[in-house]
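What follows is chain A paired twice: with chain B in the first complex and chain C in the second.
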Partner chain A sequence: MLVVDLFVNGLIVGLFYALMAVGLAMIFGVLKIVNFAHGEFYMIGAYTYVLVALKLGVSPWAALPLAAIAGALVGWLVERSLMRPLYAGYGSWSIMKDEYAVVVTFGLSLFLINLVDKVVGPYPYRGPALVETSRFAIGPVMLNGQKLIAAGVSAALLIGLALFIKRSLWGRQIQAVAQNRLGASLAGIDATRTTSLIFAISGLLAALSGALLAPVINPSPDVGGFPAVKSYVIVVLGGMGSVWGAMIASLLLGVLESFFAVYVSYDYRDAFGLLILMLVLIFRPQGLLGEKVREL
Partner chain B sequence: MTLLRTEGLAKHFGGVAAVDDLALAVEEGEILGLIGPNGSGKTTALNMLSGFLVPDRGSVWFADENVTGKKPVALARRGLLRMFQTTRVFVRISAFDNLLTAGLARGLDEAEARERARVLLEELTLTPVMYLDAGQLSGGQRKLLEFGMCFIAPPRLALLDEPFAAVHPVMRETMARFIRRRNEEGHTFLVVSHDMPIVVELCDRAACMNAGRLIAIGATRDVLQDPVVIEAYLGSESHV
Partner chain C sequence: MFRIPLVASVAVFAAGVVFAAEPIKVGISIAQSPPGSVVQGTQVKDGLEIVKDIVNKQGGVLGRPIELVYEDNQGIPEKGRAASEKLITKDKVVAITGGHQSSVCLAEIEVAHRYGVPYVNTNCWSDDVRTKHYPEVFNPGNYNTRVSMAMAETIAAMKLKNVVAFAENTDYGIGQAKLLDKFIKEKSPGTKFRYETLDRASKDFTPAVLALRANPPDMVINIMLPPAAYILMNQLYEQGVAPTAKTWSYDGAGLADYPDFWQNVKDAGKDMICFALYHPKMNIPPLGKQVAEEYTKRAKAEPNRLIFQAADSLLLIVDAIKQAKSTDPKAIEAALRTMNFTGTRGTFKFSQEPGYTYQQWVDIPYVNYQLTAVNQPISQSHLIQGPGQPLDVSKLQKPAK
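Here is the complex of A and B:
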C-alpha cells in the first residue's frame, strides 16, 4: 500500500505548500504584483518560533501563535511603509508601478536576509518540535506527530481562510478589491485598509508555515528562498491570483512530487514541479483554474 | 439648502486648463444636469468633486464641510457617491452579492442589506438575473446594477457620469424612472449627460461648461436656449 502512503504524505506536503502559496496568490490577486520578499515572511516565522522557544524558554505551542503574529505584523508594516506608493493618489490608480514592486520587494528580501544574518547569525537553528514522537503507522501510512499536527493546523487554517473569504464582511471586501479596486472604493470599501489586511494575512500564513516546519528545516537566514520559488510555481500553476487555484495546485504538486520522488528520481523531485509548470504553461497558459474563474 | 458647492475650483494638465475657476452649487433635493461639449471639463470637474482628482486650486464643500482632497471612500461614507461612465461592478460575483457587498461596506446589517438588495433588484428589473455573475450581465444591466449598489444605502448626493450612454432605450427609461423616484424621496443628483431630451425631462436645473469654465446655469430650458450655450455647442456664426 505504498501508493496510499505516498498519496497521504504528498497531501500533507501540499498543505504546507498551500499555506505558503495562498498568501502570495492573494497579494497578486489584489495588487497584481509579485512579492519577492514572501520567502522572508516564512523565514521570520521560522526564526520567531525557534528563538522565542529556545532563547526565552517559551512553550513551542505558545511560540507558534507568536510567530504567526510576527509574520502578520511584518506583512502589515511592509504594506504600510513600502507598498503605499503603488496606489497612492487616485489619479494614478490604473498605473500600478510594477517595476516599483519588483525592486522594493526584491530589495526587502535581501535586506531581511542580511539583517538576520548579521543580528542572529548565519548558522542554522534547530527548533523544538511541538510533540516528541517517533514515526508511527496509521494503516499503510507512515507519519510522525510533528508532521501530523502541522498538517492539521495548515488544513484548519486554509479551511478557515476559505470561509473567511467567502462568508465574512472582510472577505467580501477582499473579493471586491481584487475584482475592481476602483469600484470597491465607490461602493464605500476602503481598498487601502483591505490591502493592509491582505498583506497581514499573507505574512501570517507564510510565517506560520515557517514556524510549523522549523523543527524540520533548521532555519538559516536564506531558508525562505526555496519555499518562495515553490510558491511562485504554484501560483502560476493555479492561475495567477487565484486563491482556490493555488490551493488545488499545492495539493496536486505535493502528491505528484511524492510519487515522482519514489518512482522516478528522488534527487530531481524538486525539479519535477518546474516540469509540470512548463507543461501547464504550454497547454493551459492561464493556469489550472484559468482567467475565467480567477477569484479570491 | 446648498448640499455641494465649489469655490474657484481649477485643474490644469500641463498647459491645458481642464477646469478653471469653477463655482458650482447643487441644491439639496434637486437634479442638476451638467452639460457641455466634449472636452469642456465636465468629467474632470466630477473627478474633483468625487475625490478622484485633487484640485490645483479652489475648494469643494459638501454639507458645509470642506472635503477638498478627501478620498473617494471617505466621501462615499459621507453620502457622496459617484458612478462612472463605464461600470465598476464586481464581475466574478453574482448581482445579488454585488449589492450585498456594497450594502455591508456602507454599514447595513446583513438582514437589512439582503432585504434592500431584493427590493432594488425587483425595482431595477434584475431579479431574473440576480444569481448570475455580474460579468455575465449586459452593459445596460450592469449600469442598473451599479445604480442599485449606489442606492443600497442611499447617498445624499449621487454624481452620475453619462449614465444613459450606450444603453438600450428600455433600460434608459428604467434608469430615468429610478432617478425620478429617488429624487421624489428627497435624494439629490448631479447628472453629466449629452442626452439633451433626457436632461430636459429629468433635470430641474442645468449648468453648462465650456473650455473648463461654467458659462451658464439656471432652469434647464433657459440654459439650453441661452445663445452662449448654443454657440458653445455649435460654434459662432463666423465658424459656420
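Here is the complex of A and C:
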C-alpha cells in the first residue's frame, strides 16, 4: 500500500511542480532567458491569497482568482518595465542579453523577497484552506482536502493551457514567436504583445500555484526559492522551452523523488533530481522533448 | 524649521534621563531577513530592547547609556562572521550577543575569540559552541545535551518502545538527534530509536511521513525550526501519523510558544507534548516578571523563552560592566567568569568544567507541557513536568483516535 501512497503523492507533487515550471519554460521558449524571479511570482500568489483571505476576510475561493490576477499583473509589469530592453530596440543591450536577464531577474527576486519581509513581516502565514476537511482516506490512501483540490485545479489548468496553446489564435501566436521571433513579426504577429501575454500567463500560473499551496506550505518571504530551483531542473529536464516536456518532467520528477526518498534515502531526495538532470544532460542534452539545435 | 529640535528636546526630557556621556556599545548579531530565522531574531530583539530601556531609564551603567548596534546576519555563517568583524573593529562594541542559530554562532565565536571580545550566546543550542573552550564565550542559554537528556528521560518515563525523530540538516538538528540517540541508549535501553534528517528548505515531507504509516512509532519527535517544522507537523497530522491514539507528537524544539505557532499549526498542535524553557506557571525572579509585564504591554502577547534569554544576555553584560567598573573586554570577561547574578530566569553561574558545560549555565530550568486544545495559550496548557520535577505521566491526555 505504501507504493500506492507514494505514487499518488508523487503525482500530486508533480502537478504542483508542473504549474510552476510551465511558465518558466514558456518564457525561455520565447525569450531564451531564465527568469530568476519566477519563484517570487509564486510567493506573490501565496501572500495575496493569504492576506486577502485572512486580513480582508474575503472567502478563500474568491481570494484564489485575486491571487492569480495579482500574479498576472506582476508578470505583465515585469515584462513591460524590465524585459523590453531585451528586444525593443536597445541594440547594444541585446548583445549582452543573457547577462542583462540574469542580473535584472536576480535583482528583482532579492528586491521582492526583502520587500515582503519588511512590509508584511518575516513570520510564516498559513493560508485558510478551501475546504474544512484536513484529512480523509480513499481506500489505503490518506489525502489532504486542500492538496486534492489544488491538484485537481492544477491538472485542469495544465490541460486548459495545453489546449489554449494548441488551438487558440493567441496560443498559435505564442508558438510562432517561440519558433522564430523575426519570422513571426514578418507574418504580422505582434511579438511584443505576445511576450507580454507570456509573462502574464507565467505570473498567473506561478501565483496560482503559490495560492493553492498556501494552506500547505506556510508561506514566508523566501517561500519561492525551493520551487523555483525545482522548476529550473524541470525546464532543463523537459527540454529548454518545451511546455509538454516540462509537464512530463514535472510528473516524472515528483513520482521518482517520492519513491527515491523512501526506498533509497530521504537525505538525498533533492540531490537525486539533480542526478537525473546530469544523466539527461550527458545522454540526451536536448532534454526529454527538446530539439537538437546547432548554432552557426 | 525649529520643529524637529524642539520635538527631540521634549522627547529627551519626557524620557526622564538625559545622558551626556558616550554610550556603551553592545553588538547584536541576529537574523533580520531571510533565509535566517527572522522569527527568532525578532523575539531576541524585543527582549534586548526591553532590557536596554530598563537599564537606560535607571541611569545606564557607569553613568553611560547602553546602545545596541544591530547587524543582520541573515542566518548565514559567513554573514555572521562579517557582522562580528564589523561590530568589533568598526563599531568598537564591548561585547557581542543575540546569537540564535548555531551555525552562525560557530562562525561568530571565531571572530570574538580572535579579538578577545566577550560573546554571550543567547540561543545557540549546539554543544560545539561550548566544546571549543573559548574563554570569551559564555552560555546562559539552552544546550543540546540538556534537551536531549530531557527528551530521553521523558521517553523513559513514558515507557515508549519505538521512537522516530525528524531533525533538520543543520548543526543544531543533527547534533541534537545524535545526542538523543546516545541518551536514549543510556536512559531507556529498551527503546528502538532512529532519526531522519530533512532539508529545512523543503516544503514537502510527505514521503518521509508516509514511510511511518504502515508501522507507526510510539512517538514522533520534532527537531526542526519553522517554517519547515510547521509543515512537518501538519503533514504528520494529515497523514494520520501523529498525534494519534497510537503515536504521540513531541516538539523538542520548543516552538509552541512562538507567536506564529497556532496560525500555522492548527489541529496538528492539539495533544502535542512540548519541551519548553518557559511556562507562565513557572516561578521566575522579580526581574523576569518585570520583563514579562513589559513585553505583554508592548506586544499584547505572552512572552516566550527567547524574550527572557535575550533579556538575560544583555543583563549579564550590563552586570559584568558594573562589577568590572570598566568597559574593557578582558575585564568584562573576567567578571562574567565569576558571575553570580539573578536575571529573569534564575541565578547565573558559569561552570568551568570542560566539555559541553564549559562556561555554561548548567542548571537551566525546563518543563514539559501538553497542548490540549487548538489555539490554546501556553498559560492554559497542561503542565506535566515542572522545573526540577519528574514527569507526571498520569497527566498526559491521549488523542481519541
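Throughout what follows, the second predicted complex is superposed on the first by the 283 of 296 C-alpha atoms of A that agree within 3 Å, B and C clash if a C-alpha of one lies under 4 Å from a C-alpha of the other, contacts with A are read in each partner's own complex, and residues count from 1 in each chain.
We take it that contacts are C-beta pairs under 8 Å (C-beta built on N, C-alpha and C of every residue); 3 or more make two chains touch, one makes a residue touch a chain.
The shown structure was predicted, so the numbers you read here are calculated from the model rather than taken from an experiment.
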{"item": "First, second, both or neither for A:Pro128, with chain B first and chain C second", "value": "neither"}
{"item": "Contact breadth on chain A, by residue count: chain C or chain B", "value": "C"}
{"item": "Chain B versus chain C as contact partner of A:Asn114, first or second or both or neither", "value": "second"}
{"item": "First, second, both or neither for A:Glu257, with chain B first and chain C second", "value": "second"}
{"item": "First, second, both or neither for A:Leu6, with chain B first and chain C second", "value": "second"}
{"item": "Chain B versus chain C as contact partner of A:Ala187, first or second or both or neither", "value": "first"}
{"item": "Partner chain(s) touched by A:Met142 [first = chain B, second = chain C, both, neither]", "value": "second"}
{"item": "Which of chain B and chain C A:Tyr266 touches, first, second, both or neither", "value": "second"}
{"item": "Sites on chain A touched by chain C in the complex", "value": "1-2, 5-6, 9, 13, 113-114, 117, 122-126, 134-135, 137, 142, 144, 147, 213, 216-223, 225-227, 257-259, 261-262, 266-267, 269-270"}
{"item": "Chain A partner contacts - residues on chain B that touch it in the complex", "value": "51-54, 71-73, 76-77, 81-84, 87-93, 97, 100-102, 104-107, 149-150, 153"}
{"item": "Footprint of chain B on chain A - complex, ascending", "value": "89-91, 93, 169, 172-173, 175-176, 179-180, 182-192, 293-295"}
{"item": "Residue ranges of chain C in contact with chain A within the complex", "value": "32-35, 38-39, 41-42, 169, 196-199, 201-204, 206-208, 210-211, 213-214, 226-227, 230-231, 234, 237-240, 259-260, 263-267"}
